[in-house]
Amino acid sequence: MSWDWLMEELSPGEIVLRGIKRVETWVTTEYQEVAVVEIEGLGKTLVIDGKVQSSLYDEFVYHEALVHPAMVTHGRPRRVLIIGGGEGATLREVLRYKCVEEAIMVDIDRRVVELAKTLLPEWHDGAFDDPRAKVLFMDGRRYVEGAAARGESFDVVVVDVVDPLAGGPAVKLYTVEFYKLLKKLVGERGIMVTQATSPDHYPQVYFTVARTIAEVFDIVRPYVVSVRSFGGVWGFVLGSASGDPKALRSEEVDKKLTELLESAREKLRFYDGETHASLFNLPKHYRRMLSEPRRPSRDEEPVEALY
Amino acid sequence: MSWDWLMEELSPGEIVLRGIKRVETWVTTEYQEVAVVEIEGLGKTLVIDGKVQSSLYDEFVYHEALVHPAMVTHGRPRRVLIIGGGEGATLREVLRYKCVEEAIMVDIDRRVVELAKTLLPEWHDGAFDDPRAKVLFMDGRRYVEGAAARGESFDVVVVDVVDPLAGGPAVKLYTVEFYKLLKKLVGERGIMVTQATSPDHYPQVYFTVARTIAEVFDIVRPYVVSVRSFGGVWGFVLGSASGDPKALRSEEVDKKLTELLESAREKLRFYDGETHASLFNLPKHYRRMLSEPRRPSRDEEPVEALY
Amino acid sequence: MSWDWLMEELSPGEIVLRGIKRVETWVTTEYQEVAVVEIEGLGKTLVIDGKVQSSLYDEFVYHEALVHPAMVTHGRPRRVLIIGGGEGATLREVLRYKCVEEAIMVDIDRRVVELAKTLLPEWHDGAFDDPRAKVLFMDGRRYVEGAAARGESFDVVVVDVVDPLAGGPAVKLYTVEFYKLLKKLVGERGIMVTQATSPDHYPQVYFTVARTIAEVFDIVRPYVVSVRSFGGVWGFVLGSASGDPKALRSEEVDKKLTELLESAREKLRFYDGETHASLFNLPKHYRRMLSEPRRPSRDEEPVEALY
Amino acid sequence: MSWDWLMEELSPGEIVLRGIKRVETWVTTEYQEVAVVEIEGLGKTLVIDGKVQSSLYDEFVYHEALVHPAMVTHGRPRRVLIIGGGEGATLREVLRYKCVEEAIMVDIDRRVVELAKTLLPEWHDGAFDDPRAKVLFMDGRRYVEGAAARGESFDVVVVDVVDPLAGGPAVKLYTVEFYKLLKKLVGERGIMVTQATSPDHYPQVYFTVARTIAEVFDIVRPYVVSVRSFGGVWGFVLGSASGDPKALRSEEVDKKLTELLESAREKLRFYDGETHASLFNLPKHYRRMLSEPRRPSRDEEPVEALY
């Protein structure tokens, strides 16, 4: 049995302990405490501020679920913006698409990306060296404000940042104001998607994010996957002005993947047409939660994960 | 913060601690240690031998997922057998169907059912008093052997027993021999379904159960739901001689529910046509696991959850 | 292995988990949450607000260490005041002395004493029925203020209350003002003693209590014992106007015990002359801590256990 | 709050969790898993096979308690043998004595000593470089057998090895046969002392070790100290052919320390005459345990810490 354990509080009164077999790295950056550890059952794992970010066991579930529905629904994304995503795995999934000409990734913490480059090759898989990739180190909100002011446009925006912890740096990356900026960036044909915490552990946050995106985008598709590394169900929300992932049939998805990814298609481990077909039919109790009235999150009174 | 905690080892090196707000009951029966406790975030919870059996937070997810796909796929179940299911919630779901004429529930532990009657009204919801219900206290395997010998027949058999823990009482409720007996009971039109542990925490068990049922039934449909009380993804396997749940469209399911359940339909909280539509498309990595060669579990060398 | 665990934070970053074999009682009184549980290795245990108060394993160590040095040093205590001590075990030890004519116990929580009477017979051992015992339910500080105003006098005062947790009810039972009141009660020949938290887990509190008592009493004797149920070393402080426990030789203590306790002497399990001899020689590092300058705790700015 | 925790099972059903602030080193040697970590409240800590060996918080308590009573009781030790003691702190305490001409330390694990040299300067404090120190890497039992065969003699032997865990390497360092060899080495004037597990957590082991040494040495003095890093009381047993530590008065001890240690005396943080005076008066319940009949530990049926 391990003597060294990672303790993570999933919600008040709900703690997960995970046996650590090895601590590879443990550094304090300007913004956060970053560790790479080997965990029993999960393998190599990135831990930021004591929270599991992703592990070799199922990072592919999280990252494929985050990226592909938006990309495939768009149909031919050329310019993609990633907010966050320091490990490089979101970038990796985006760059699988031949049609992508430019992928801009904006992460606040240069140090995390540097660590990822050397310590997490299984995550980025060389993505940082792709000539189509451009990595900027700055606050995501500030980048988006600037890009909107400059009139830039993107086909897909992927938001892969930490939860809106009260007092944390990500609170204003989940508000109406932020999504309006994203709307400007993606225009009438583009799509945005964001990780959105766990509907089990932070229901108030998850369903408010869905409600907030609905304030800005006509088509809103919340979806969930099960991520053992995160202790259960994990939620995403996709916002779109025109394309609707729920309207895509399984065969269409597979066909598009074949066109867009070519040989890379075989590398996907979680996502394909059949997976897609299950993602956008939420169980009834989640639909009930979605239908309840809720105040959208706004800059001046944002939703926060409160513990 | 709680001072009293439930500690459950989900897999080696993976422990969940849950704050206990109250211990209602804690008794040792002839077969097991049974407690009813109030857990932070989960509410009233049944704990057997230190393992969460189900909680008010999401027992409906587990029990509806276990019962309804088989019932709806059958189309008009009249006689249903439940192996296990002491809390009475599986019985409750079965009895929602007007067409059910007799539901026989066989549980080894009389004491658990007695406790459930008084302490878990939210679970059984009066099901034990339904004149169509018949509860027997004996070993499930022995009952099934006798019933097969007597030539009894059932439309649906629901297996709701504990995991096949090494040395535990349920090991022979997951073998080829057992499923052959069930096949005899359900004949050419019937359906069986079983809970089948977690594909994350016991992948070897889960996928072996699917493989084992495939040895006996032509149509095998593994499916999963996320159950926070169980610490993540939970798996089921449905075996059928003719009807295929995956072939049912969302609207058909809703139509059948309306016919079969009438007014009760509104009471379902997890399951409906849209939920059904997502259940039978497993993500790609589970399909890959299913396609790997595996030895079926047999009485003389059964699959076991080994820790 | 247990599934039910008591979690106690001994100090920041230091947590003890103890396997619970049984929860006997768990009630919320007007003042606190009280439970009687059976703990692995400790046996029956009283838990208040999530903290182990005492267990059958070593309650005798705590209660004998608290009571006997003061009683024996006094030499012939007739009137004894106990502040706190709800379990009745401190009263039990006091009443072992034939010379004691009256023992007044003042506890704030009537409910705890009522529970102790029925559930903790091993603790009080009938002490509540002794005609010399008088139990009052009120705030200890208020009682002491009244008694001092009325000019009452006691030979020994034993303070057996919870730690001075910030914001808790006991903060003003550890201040200069409180000890001055005790000084009035015990006069020129009497002795007071108090439990005083753990010098390992709350060094600032323990050594401040010693310093505070030194502000009022000429002779101050801090002493410690090891109490496994409390997770390590536990501290007491004795204040005296004349008698000095450190001056008593081992044989004198045994002689006095024989005189004062008669047949009861054999019942002592922890304390006797030899035990006494070791109590008042603190290890060097504790003496160094005692010699450091410290502000005494005062009502307007009391020392508090801060987490 | 920490996310990284050291989990140590002190006894069945008794677990301590300690927050880790930093992992400095973590290596697997030929014999064991060795880590140096920074623990909340304890500071730098050596962990071997998941068990805290000693921490900066109170390693001085353990090492001074282990070494000085034997050294002072002997009165003029010239040749000292240390079995185990890889950190170098036992050697450090031994070398404080001017009269020591040779200190032979025998540890099985060369790697631990090498790590200690670079990572634990606070422990060895340069002791490995003292010309009087001689460090050998071999099994302690084998060394002692050879030394006894060669007719070597020592004034003091200090046994500072791990607990006799069932199946572990130290079981035969706690038996009658081993102590007979030590008796040969120390002759009629010498003294041996051993760490002997916790009387709270392994009472059967502790009191058996005392009983076993009593089989060989005329004077046997068990004594205990409180070591927070070890989760409570820790036990030692001293065996002597002539000198008796319990006969030494406080002033004699201080006088000897002044003679033997000179300027170094001030460096002792735990031990002095007053500390000595409290060490050899055990509380009554320990004396009762010591007086119970017990089988000594023998090579063919040794006492073992069983979990």
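Each chain carries a letter (A, B, C and D) given by its place in the written order, and its residues are counted from 1.
Heads up, the rule we're going with is that contacts are C-beta pairs under 8 Å (C-beta built on N, C-alpha and C of every residue); 3 or more make two chains touch, one makes a residue touch a chain.
Please read all numbers here as calculations on a predicted model, not as lab measurements.
Novice: Could you name all chains that are in contact with subunit A and with subunit D at the same time?
Specialist: Chains that touch both subunit A and subunit D, as defined above, do not exist here.
Novice: How many Å are there between the centre of subunit C and the centre of subunit D, using C-alpha atoms for each centre?
Specialist: That gives a centre separation of 33 Å.
Novice: Could you work out how far the Cα centre of subunit B sits from that of subunit C, in whole Å?
Specialist: Between these chains, centre-to-centre, one finds 54 Å.
Novice: On a C-alpha centroid basis, what's the spacing between subunit A and subunit C, in Å?
Specialist: Once rounded, the distance between the two centres reads 56 Å.
Novice: Can you tell me which residues of subunit B touch two or more of the remaining chains?
Specialist: 1-2, 5, 17 - these are the residues of subunit B that touch more than one other chain.
Novice: Tell me the shape of the graph of touching chains, choosing from line, ring, star, complete and other.
Specialist: Here the contact pattern is a ring, one closed loop where every chain has two partners.
Novice: Going by the contact rule at the top, pick out the subunit B residues touching subunit C in the complex.
Specialist: My answer: residues 1-8, 17, 20, 22-23, 26, 35, 47, 49-51.
Novice: Any idea which subunit C residues touch subunit D in the complex?
Specialist: 1-2, 5, 11-19, 39-41, 60-61, 200, 224-226, 228, 231-233, 250, 268-272, 274-275, 277-285, 287-288
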